[in-house]
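The two complexes that follow have chain A in common; it is paired with chain B in the first and with chain C in the second.
Then we have the complex of A and B:
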């Protein structure tokens, strides 16, 4: 530990920030859907996986330029997420919450097994465009260019999302629907449309996260969404599920914490995944609403 | 303007409305009074398409409303200020008002109506950047009414606007209702505060366990012995 130089520390730090960015992007999808439907979308990790595979096939099978393939994958995943909502959640809108939750688990298994059949179980190597694996040198610290791009792209997307939610009429409608469906209907807001849009945005962010995940860990398997999905769900809970800022915070805490744990205490490397779950248990014990979550009070 | 004929509503095994008739002519204030659970809110919810009726008709400007979704009904100019205010607590006052005009596209008209609402409720202008959930009950009620006005209603329906408000505020709300009416909006008012609502109403209906048991001019109902006994708390 004492032997760690500044350079090495900085490398771990940038690595943690870029992993945290990915967790944040995916965690937002959980938190937005929860905010509007009070549903844990168990299929979210699988939607993330679909995005990565579509980008892979765009480059390898269709021989598209990588950037075009990424754009196609993002758009496809966006519609895929909306289709999942329409097919598996919308018909259950007036059913008990538990039915929707079971449907979510069912959809998740369905997508995973469909992926095994369609894509095959054998791992695939994600093609990395050269601009993402150049070694760049910032102030004596050399990092892979991807480690730099991931937080920058994440930041741009977050800024766009915050603008959309707080400064457009549709974003306002989304916040209104998350509080009160019926009052929103009385404002002539099409609640179903807003819910569909929420899934679209969450899936879009998951697709971007998935593609960058593929660039960082370039091995695709049909179950690749399971662990990141769980961890990002945990990130959303840690931050306070339903709160977008909380999801971002939770994502960074988890990503940085995981990398730093392994860097500072190499003996615990094998417990890397357990870290997220231990953190979850601790947060649930100390502050069950999450770091930024708040209890709602009603004024009479 | 709006005509309800033989409206029947069932839910959860309860026959909530038993063939009621209500007529709302243009530019009038109509009130519907009755005890808790008499079916007042159900009537309003049926008009808005939030509750499905089992029988009867609701005609608005010569066309049936039953086939429309809530969204379309709002766009036709009918607005409900719901019971319990139901403002969006996580949005600012101004954002709540903007959502009131959600279906409108005329930016200039929206800005003008926003000014009009702020003139009517100066408190809201002072607090336009505040989260609506942090305001007092009376201010939230003003916001709920203001939000309703933002969609430029032809028929404004209010469900218990004075519920839970201090007497001074109740007076203020009723004078604002009169002012809105003077500006050319037809009003359907539901109240437990029977006295105040009958005083401003052109015509009133008394609802009891899902049926209209009495109707008449507001002034006549005020002096009616049965109404006095049951709703105005005056013993003979």
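Then we have the complex of A and C:
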């Protein structure tokens, strides 16, 4: 602890912020779907993985310029997320909760296994465009330019999302559906369309998160979405699921916490993956609805 | 009628023992392993069904429980010499170094330790519901795995344990599976089973009827953990090697699959689907290998088996939500009635 200089601390902090923004971006997808359907979209981590792979193949196989490949990947993932909703969740809309949850786990496994067959199990190296790889030196703190880009892109997307949800008619419909499903339908809101759109937006953010994840940790495997998926769900729960600000807060707490745990207590490095779960359980026991969640009363 | 049923029970038990005996005599070690796995999955499926199906608690921590059971039994049955060979990175904790138990006490101990862990997890976590409970138990399962990977002097970390004595045989697995089935049948028939089902159907109504929610939930959870621990112990001593990565979430998912396919809340369904799923998983291995049709050779695609399997699961979930048995059970009454349906049908017409 004493040996840690200001520079090293700042390096960890920037690292934590950039990991936190990635978590936040993916956590929003979970929280939006949960807010509307009251469903843990277990396949979200796999949608994230698909986004990264499509971007990878766009650059390597189709030889597209990287920016075009990223855009194609984002659009593809957006539709992929909508397809998942259409195929695995819509038919069970009026089924017991446990069936929907099992379907979510099932579709996630299906995507993972399909990815193993289609993409192959061997790790692939994600190509990094040079602009994300520069070393910037600010006051003795040297950071990779990507570490700087990630929070900025996250912030821009967040601003766009908040504007969309609070200042457009579709955004208003979305909020209405998440408040009361039936009443929204009576107000002539096409609920199915809104749900589909929610999955689309969530998947879009997941794809952006996935591409940036690939730039940060450039090793792709078909199961790469599982751990980030679980952690980002935890981030959403910590912040209070169903609340976008909560998801962002949870993402940053988790990202910073993880980096700082490893930095300050190197002996616990092996427990890094358990940190998120321990934090989750503590939060659930103390404040089950998360830091920003509202208390729900049981209706008989 | 009661007499007939008793005779039928005795006949079917003898038939089962005879069948196992024939298996033991005629099957090679590969097929025997599948028969063993079937028995183990029956135990595991029933234990998850007790928690998820009968009590309605959506728990996803089974892999963690199995890990605790497998490691407990493994460490207790491993001979001191093998322990020294295994723990070359860091010596084993002294109190386990010289221990070598026989299989039965080790199995019971595995169950008890897992039940204790289950109780410690359940007591705080069971205040949560539905998705929150699912994700919290999943978290506990992952924590167990991470802890086992890091406690080098207790579990040998990521290296795992090798050279476990392979005590497990079909008499152990199917014997314990049979005891588990009997235990479940009596448990569900009794007042506890009724309380569990009441909690599943409606917690508030159950509480209003004077059922202590917390007590019954923790009880179901602890019993499920005990059985999962025993199942894990049997699995460890069947395979001979265990390491923390075996007990990933995928394992929980396989058991969940068995419960869902069999019908959530049906003992018969779980038993049948445990056997069917285990055997089918082996048969589907064909998909991973090359198929030679004589004139044409279709190259196998590794991993195709799991794709087909998860696709089948999705079809069942989407189109046959009740699974094989729904929440029905096999009874002799049902069996006899179906068999003599023609007769009774005719009688009704005459009247």
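Note that the second predicted complex is superposed on the first by the 295 of 300 C-alpha atoms of A that agree within 3 Å, B and C clash if a C-alpha of one lies under 4 Å from a C-alpha of the other, contacts with A are read in each partner's own complex, and residues count from 1 in each chain.
The rule we apply is simple: a contact is a pair of C-beta atoms (placed from the backbone, for glycine too) under 8 Å apart; a residue touches a chain by one contact, two chains touch by 3 or more.
Keep in mind the model is a prediction, meaning the values are calculated, not measured.
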{"item": "Chain B versus chain C as contact partner of A:190, first or second or both or neither", "value": "first"}
{"item": "Chain B versus chain C as contact partner of A:116, first or second or both or neither", "value": "second"}
{"item": "Which superposed partner A:135 touches (first chain B, second chain C, both, neither)", "value": "neither"}
{"item": "Which superposed partner A:267 touches (first chain B, second chain C, both, neither)", "value": "neither"}
{"item": "Chain A residues touched by each partner, larger count belonging to chain B or chain C", "value": "C"}
{"item": "Touching both chain C and chain B, counted on chain A across the two superposed complexes", "value": "300"}
{"item": "Contact footprint of chain C on chain A as seen in their complex", "value": "34, 38-40, 88, 91-92, 95, 97-99, 101-103, 105-107, 109-110, 113-114, 116-117, 121, 226, 230, 233-234, 237, 270-271, 273-274, 276-278, 280-281, 284-285, 288, 298, 300"}
{"item": "Chain B-facing residues of chain A, complex", "value": "169, 172-173, 175-176, 178-180, 182-190, 296, 299-300"}
{"item": "Contact footprint of chain A on chain C as seen in their complex", "value": "52, 56, 58, 124-125, 127-128, 130-132, 134-136, 138-140, 142-143, 146-147, 149-150, 204, 249-250, 253, 256, 260, 264, 301-304, 306-307, 309-311, 313-314, 317-318, 321"}
{"item": "Chain A contact footprint on chain B (complex, rising order)", "value": "48, 50, 70-71, 74-75, 79-80, 82, 86-91, 95, 98-100, 102-103, 133, 135-137, 140, 147, 151, 164"}
